[in-house]
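The same chain A turns up in both complexes below, where it pairs with chain B and then with chain C.
Up next, the complex of A and B:
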């Protein structure tokens, strides 16, 4: 359980990280928190010839409001983002999702950007990003491009990031409005483990309690997290009453493609998706009605 | 291929260490094998068991999930650094003995590091908060209940005497 030999370089800027990536290409790996990469290196599932450390790059630690977005730098620690009250007010689902991620020790080191580029289909932050339609700013020596979540997540552990690109920041849409509520819930073997199935939702209601906007996402039930747009859209105009939610989520299985493993069958995952989807929609409705922007669950 | 190395300066329990380390040397191996601080235990080596927990700049992390070269310029506290200056046990360590919060002792350094950090941020944690704080640390002797008792006892003792 020891990593294979590698050369190590510490980048002081994104430009320097990109130039090292351009030089070493597919033989190089960026390391931020390392909470996924280091175990893979210890098990020799990953053997990068070069490790480029981006932990000390100040521009990757920005946390700010920019127009209609909340922007998180890729190398922000999960624990710091979870504690950030301003981020939680702008995009409550980030904190609601982080509550379920790992343990104290891994959150103190793991980064938001690292979780996203790791792209585990059952991980919480990719699910929140997919559900809200976050955008990813990817930099390379030649320039910069912005990729939507639906393009970014391509397959299990695979994103649109090219070998010479560095994820610089993530732009999370901030919903404007008085009555917005969100919720995240999941079932896992132990708290902190990857979810068997996870669900999150965000809704906006008008003064009469009618849903004017909704998003719903499911993780752990397909190759990538799924934003179930058809179901979310069908809830617009309803009062988000229990019967409307139950009817809307009934067909959720047709949007998912879960596998079976030792923990759960595909059929059970669809069942969980239905139950959790209804639960987060009800909780989001309650949080919106309360004027609060979200509770933990 | 020659083993690539890098020079580092790491402060461990208040003492600065300058040395040349292989880039692939994990922080836990650096602590145990280079510095001979064997209080930090090495268990699963892939970030599951929590036995290797240390405090990095004030926050608990897993030392098997960091390379020593990444700790360059940082400050580490290991379980050895939790004891009093004269070598006697801290209130928290003594409370683990008092409540039988350990059997084989393998997980104990990690449990101490995790709960020391908890008490620093939260001097009066509930049983639930203690369980959350040690959720990343495995104990295979099933001693969790006594560990929770130990932390609660330590919190009471610290509150009443002001000593850690």
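Up next, the complex of A and C:
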């Protein structure tokens, strides 16, 4: 498990990282925390000719409110984001999702952007991004573009990021309102493993407890995380009562396309999606009713 | 740190004292095989077979050899001609095994060629440049298919895939089955798991051309390792020097590493340079030959209305993978405890060891005992369920009573001592069993699946490996000695010397405690070292939970000789008979006039420098060796397969509370108590540490770990992404309750404990899960009890009409 030979360059700015990417393109990989890339390189499943280190780029570590968005720099450590109370108040699902990610040690190194561009279909942060409709700011020497989560996640381990682009920041929509609740839950065999299936939801209810807005997402059950908009929409106007939730999630399988492996069959994954979807919706409802935005699933 | 005094009335034995080894490990000062850095050392990487069964047509290495830094590409054709085949534990001489495949590959991951280069990275680069042309051949993954006549043969020369098969009948089994009120039969499956130490196999070899000695540093835990290396390399035994003074980073049975060692040894001699192979995790999981037992048990039991067990029949089919080694013998150790802790007068045991195209099996903690305990305990619970009898009542009825020891079981072994009922009661009390029942019933009323499991299991200990002659009549080994040398230097410092490796068992703490006890000197000042194999007294290595008994006994024996010498020197210089003096704290004095004395330093001074003051028939200096045969050892099996195996029998009972999420199948262990009796504990921290580790290992085997193979013969769980070892978040808090029934056979009453926790854990967890599943009318009898497996059972049970209502 020794990586194939590669060259290393450290970028001090996004511009410099982009110019290195422009030069080496498909032969180069950006490295931040390295929690996925380094093991893949060690097993020679990834063999970039160039590694461009973005760990020291200050502009990739911003964390701020910007209009209707919460913005996280791509190179922010997962642990720092998880501990950031302001981020958790703005977008509770980020912390709720990060609870399930790896272990303290991996979160101390792993970055938000790294997890998102890795785009494992069972990973937590991509699921939160897909569910909330986060937007991704991609920079290259020639300029910048912003893509939606639904465009960003293209296939397992594949995103819309072009070889000469660097993910600079992620813009997470902040829901405004009094009664908003969210929840994240998953089944993983051990804590910290990639989920067999993960689910998250965020809902807003009015003063009568009626659902006025809802999103629901499922990870680990398709090539990319799935925002199950039809189900979420069908809950609008309900009281999010158990029967309504159970009825809504019954058909969830038709939005998924899970695979089978040594730990789970496709059938088990669909079942889990249904169970976990119902659980997160109930928990989100409870959190919304309590006015608590940040409580853990 | 305050020392707690010994509960057994000893001075040091049993007292809570800091171990010798921990400060070294905790501060990162261990020295492992990978820390051995020799000038000019070369590194090995492996070319592994992608096919489970194939003929090697050609190997093209020219491109690899042209890579700068590459020194050699070794293939099986060269190596197999130059060395002898590895040892086979049963009578199957045509099942040849070498470090590298020659001609045929028999499992995916088998080593086909070794690349030697100046760095491991270059060696890996070169591996990618080697082209092997294979002709794929039919393969087998199903052990039951493999055992059938006409099956594809893994070793065609052997003529069958069966390595070993015998039906043992001890007592009137058929009669008992005829006469019993009830009979039950079921199948249990123990999945292929292992121990997966953090340190993979490491071997370093250097040929000392001047002295013509092969020096070896290897992460090993293996009986007769230096002897096997020398034989295979066709060297005299005194030309191989294995350095035991390195730390082994975990083993629990698997660290045999003989093929790794032979490979680097041959390369070191060929290339005249030190060679190291530090296996990476991928090589380790697939081709390290360290998978554990993989068994199908067909259990039958005969019993009466009142719960009296009359007989059982155990059929065990074990899939050892592509080669033999010692693995078939893992069906042999259970013979030593074939009726568990129960009074079962008649037993039939039919072990079959079969080969398939999978990674070979190696010894795993308990050497086949934990799977057998698992099958036995499932049987006991099934009997209870069948009779509608309480599981604890059934156990209490059939457990051997303390006054019945020594107790001879039908297979010819005598259990030394025990008090199973008391240990069970202590564990239940510690677990607050009544409260657990209340909690379970409340959970059930709330619609949850909750269960309690209790196991009562034995740990045969002391490592009398009489399964070797039992399973191979050509092998007449009955000697299973261990040894210790104790020296007192001319400055009065004490050194204990043992002659084998240590993979975390705490040999240094053991020897220093025992020697300190006998000589009445503070163990913290006693140094303990491992001799290399050319300097070592004979040892059978720390396998089979034997070192507290065997090395402990040897150290005590040597220390007693030193003490006797000191007494004689003291008496001689006091002008008294030996019977008139007393030895205390290292001094010798006139019993009637204690002021007349020779202190430790004076006694040592006489021994080392004042021959004129020595008693006439003593040799100068202060050193003593003690080599002793395992208690009860020394006999061969009888014709009908009766044999005295292990001398000592430790007992453990586990009480487990589990809840299973009915919607996801996820099991969560919420309470875990172990009652444990391994006689006198030399060092309680070490025993408890081993037990915690053993429980964690058992949790892994029970719920998570499996080397799964596809129909195509490919390992599906070859990394830690898929081979799931429980982390601290999956292992519950564990409470251990000690009990002490001393062994009458050992020096201080100690028994073995190296496998504790693992031997009763999977059984108890399975019993707990079955208790949880019982209300919905289903049960599980296989490991690992995966989330998917449990969910599938629950779903199937819910789809059926309710069995309980129908009944």
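By our rule, the second predicted complex is superposed on the first by the 296 of 297 C-alpha atoms of A that agree within 3 Å, B and C clash if a C-alpha of one lies under 4 Å from a C-alpha of the other, contacts with A are read in each partner's own complex, and residues count from 1 in each chain.
The criterion applied here is as follows: contacts are C-beta pairs under 8 Å (C-beta built on N, C-alpha and C of every residue); 3 or more make two chains touch, one makes a residue touch a chain.
Source: prediction; values computed, not measured.
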Is A:1 touching the first partner chain B, the second partner chain C, both, or neither of them? both
Is A:43 touching the first partner chain B, the second partner chain C, both, or neither of them? both
Applying the document's definition of touch, where does A:265 land relative to chain B and chain C: first, second, both, or neither? second
Name the contact category of A:196: first (chain B only), second (chain C only), both, or neither. second
Touching partner for A:55 - first (chain B), second (chain C), both, neither: first
May I ask you to decide whether A:275 touches chain B, chain C, both, or neither, giving the answer as first, second, both or neither? second
With both complexes superposed on chain A, which partner does A:173 reach: first (chain B), second (chain C), both or neither? neither
Mind working out whether A:253 is in touch with chain B, chain C, both or neither, as first, second, both or neither? neither
Answer with first, second, both or neither: which of chain B and chain C does A:209 touch in the superposed model? neither
On chain A, positions contacted by chain B and by chain C: 1-5, 43, 103, 190-192
Chain B contacts chain A in the complex at 1, 3-4, 6, 22-24, 26, 29, 44-47, 50, 53, 56, 59-62, 64-67, 69-70, 114, 117, 132-133, 135-136
Over in the complex, which chain A residues touch chain C? Could you list them? 1-5, 43-44, 103, 187, 189-194, 196, 261-265, 268, 271-272, 275
Seen from chain A, its contact residues with chain B in the complex are 1-8, 31, 34-35, 38-39, 42-43, 51, 53, 55, 79, 102-106, 108-109, 190-192
Chain A partner contacts - residues on chain C that touch it in the complex: 119-121, 124-125, 128, 280-282, 663-664, 666, 704, 708, 716-717, 719, 721-722, 724, 726-727, 729-730, 786-788, 791-792, 795
